[in-house]
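In the two complexes that follow, subunit A is the common piece, with subunit B as its partner first and subunit C second.
On to the complex of A and B.
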């Protein structure tokens, strides 16, 4: 039997084990939840089974779907704006020391602020409509994007840039045709962090002023002490987060498969 | 990547265009803040707009929901809202602290003899029998410094208990009050509907005092519009106030439909609303939504005496000579 066939035989059980362990940990969590809820027996902590059964009930409601869709649309707009602005800013910072020196203190100051805390200020300036919510999502997503784009751009192979310069490329052209592709694995890592951040900020942005949105569903259920609904909505949000991350990971691995191959090639040698 | 950026640009432009187009809509829009529960008239206007001939024809409403009345004061001060539901204390604090100027156009809910009154309850087997037994105990309240807290603090004072020193105060919120009481986090918990009915149905709790022990007509929620907005748009304020009153009439006349409406807004199942909504164990709903200015003045005076308002306040400054419920 060749080494290759032994490796492929090992890979399949590993994949199965990976999926099985994921389901197992989820099952253990749900069992713990169920047992603890039985033991504590208060309204504020419903059974896992009750919350899970409420999920399809909520997803069958047209208004609930519209609300979730409205939140996701705002999340998309905020994320798209961040992608268009934060990535070039981060890349420029990574390649231009003066820009980095100018912006770093500001970003360092903003980074630890809970983005939901900005909501009242943004509301004062931009009103209580969608614009404020989109902006707060934009801020939340921008910071990890800038950070990762900055580090990605910093690690670009200088020889590539010299070659591009020798070929007569202008700075902006170099940024998008050399720096961006080279930094793409790191930028996409920032996108992944930003995605999780967008989901968090999306809900937090609807805490103070609510129109149509997933946050409205969640906080209304809390206001009415509909705790089964509260947990069901949290499960739905977790599901959305998981799905978005899964889809994003598929896209990311297609876009930067070359980088992963390079990493895979390095790891076994290191281990050996 | 460039194609992706182009697509994103297009989508953002389309959405911004859609937003800007809505700005040019001809029908004037009133920006109204609301909260849950106990605003049945607004819920009717939200969910059954076709029942109101002027709504969406002579004026539109942009509804924005808030958690509690205090953030709506800030939203009105920052010109983000034209009208909102208010508790008398939030309005008073907005006026005293930030010079909020507004008119009380209608009253949503209040207390009256025979109707529901906000109450504090203990566990059935608790040694606490009356309000004076609360000395040294842990007492729950929805929000520290709220109107409900003001009423409770005055009642405690009237019974020889210093609300600042003699009790431990815990913010439980209304929804979390029952759990806080049953799990022993508080010795006495505060109850409003629909949580009171739910807790009573389960049993094991005992009422010890209520706000009606202090005054029989506590006002809970009023409709306030900004003075500058009403002065600039008296006809819109008139349409809005008239429709609020119409909505209250509909809500009271068609209870079954009101339960459906409230259920749609709050997601609470109809079975949870049926035992109390618009019944004798609910807050009092005046069909004419006429504000009880005298009761509001009494509450302002009480809040001032407690130190919750820095200076005395006259309710007359919130009274419009013409636009106030009921409007014919």
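On to the complex of A and C.
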């Protein structure tokens, strides 16, 4: 066998290598956890293998599934509400200086506040039920969405808008048919940040106002000193986050594939 | 001119810069364009010739003076004036044919009719095969062809072309100049064409308006009395053509040498 053929056999396709390296780093992490837990050997730090084995046990409990479902449902509602309100607001700010000047100070003030810290106020007004949690998720998701929509709308090519105006397109229509698609790559970036934010705020809100949900599941396990369960629930939450991000990334690349086409993908022959 | 389709009267545009200074871009410009006429606005970069075109388009508001298009005061953009920009300004999220269909659909044509109409126009600019491509997949010359087709699609009475071939290489520019003239010969729409290329202006136009450096004023108006249909290769040896080019080159040279006014 020649050296060349051995070499080419050793070259692993990039896609496989990419996935393999992800699994590898995850594996190393779990091994470190396992070893460290063995070494430290306290109740609050169960073995990785124990926590992993507890995952299917929890997922088989009806109660747990209902809780997780309730959390995701609130997250979905808060996120949908944010999409419907924050995106148009951000886009309008990007195209209309007066709106931007009016809203910017308010947003700058709210931005650094941990959204969970708003929970007590929202609870005072709207009670400790679903509505408060949906609202606090809505606020958490809205800020990155407004921010990215605003920046996306600001950088829309003016000539695109002029072209649409010459065709007789009216302002509100332009916002949704020219500004929104133009800014879409940036808006979707905001959505991704918003998704992570939604997960964080979702758990935090359930920590403050206990009610059926994934966060409640987590803190109940903690209260009852079921440490293996605590770790298992965290693994489940990480899995949900990963899955949502993966699904989102699929949708995103479908929506903005036009922005990512490389010119060398096509070879125009003969014609200028 | 009594039957001018575009009448620019005493037009002035003054910008206020971010540090509060006033910048006079266009100063008391008068231009009249007859229906079916191909008029170029020639001037050095920064002379405000694009601003002038944007004001005719209704995209920029004049500081004083007025523009009448078909006898009506221009107060904003409208489908009677179709812009073609140097940067193409195609909708990148739409395919080539969807870009061309956009205007007609906006104007209430059914999608089916608009598609047929767009196909004819793409045929005209020789891009039928690229109907389902995205703008990013095309070369600069092809993109500008799509942009021209997109503007022609909603049948504006006037084409407003803002250095449309400025971003293209020399060869592509020549090819597109020829194509533009071929298209123009078919229905002789009124064209207002902004350029800084002397030979381009002479080759294409019935009349060339030469502008001074900022603040932009009309320096001279030269009638280009060359037979049509024109072909570039024929003109290169044409004595008259050469004289026009030399005359305009001299005017542009003067403009460059002149000190800007006090």
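Just so it is clear, the second predicted complex is superposed on the first by the 249 of 272 C-alpha atoms of A that agree within 3 Å, B and C clash if a C-alpha of one lies under 4 Å from a C-alpha of the other, contacts with A are read in each partner's own complex, and residues count from 1 in each chain.
Heads up, the rule we're going with is that a residue touches a chain if its C-beta (ideal position, glycine included) is under 8 Å from a C-beta of that chain, and two chains touch if they have at least 3 such contacts.
Note that this is a predicted model, so its numbers are computed, not measured.
Of the two partner chains placed by superposition, A:85 touches none, neither subunit B nor subunit C. Contacts of A:200 after superposition: neither subunit B nor subunit C is touched. Once chain A of one complex is fitted onto chain A of the other, the partner contacts of A:235 are absent, as it touches neither subunit B nor subunit C. With both structures placed on the common chain, the touch criterion links A:160 to subunit C but leaves subunit B unconnected.
Once the two complexes are overlaid on the shared chain, A:178 sits against subunit C while remaining clear of subunit B.
Judged by the touch definition given at the top, the superposed model places A:120 against subunit B, while subunit C stays out of reach. Within the superposed three-chain model, A:168 lies in touch with subunit C and out of touch with subunit B [touch as defined at top]. Of the two partner chains placed by superposition, only subunit C is touched by A:259; subunit B is not. Number of subunit A residues touched is higher for B, counting subunit B against subunit C. Overlap of the subunit B and subunit C interfaces on subunit A comprises residues 181, 184.
By the touch criterion stated above, subunit A contacts subunit C in their complex at residues 157, 159-160, 162-163, 165-169, 178, 181-182, 184, 256, 258-259, 261-263, 265-266, 268, 271-272.
Residue ranges of subunit A in contact with subunit B, taken from their complex: 42-44, 63, 73, 76-77, 80-81, 83-84, 120, 123-124, 127-131, 176, 180-181, 184, 207-211, 216-217, 219-226, 229.
Here subunit C touches subunit A in the complex through residues 54, 57-59, 76-79, 81-83, 85, 87, 89, 91-94, 102-103, 106-107, 126, 130, 133-134, 136-139, 141-142, 150-151, 154, 156, 168-169, 171-172, 175-176, going by the rule given at the top.
Residues of subunit B that touch subunit A in their complex: 1-2, 5, 8-9, 11-12, 15, 19, 31, 33, 36-37, 62-67, 71, 74-75, 78, 80-81, 175-176, 178-179, 182-183, 194-195, 198, 264, 266-268.
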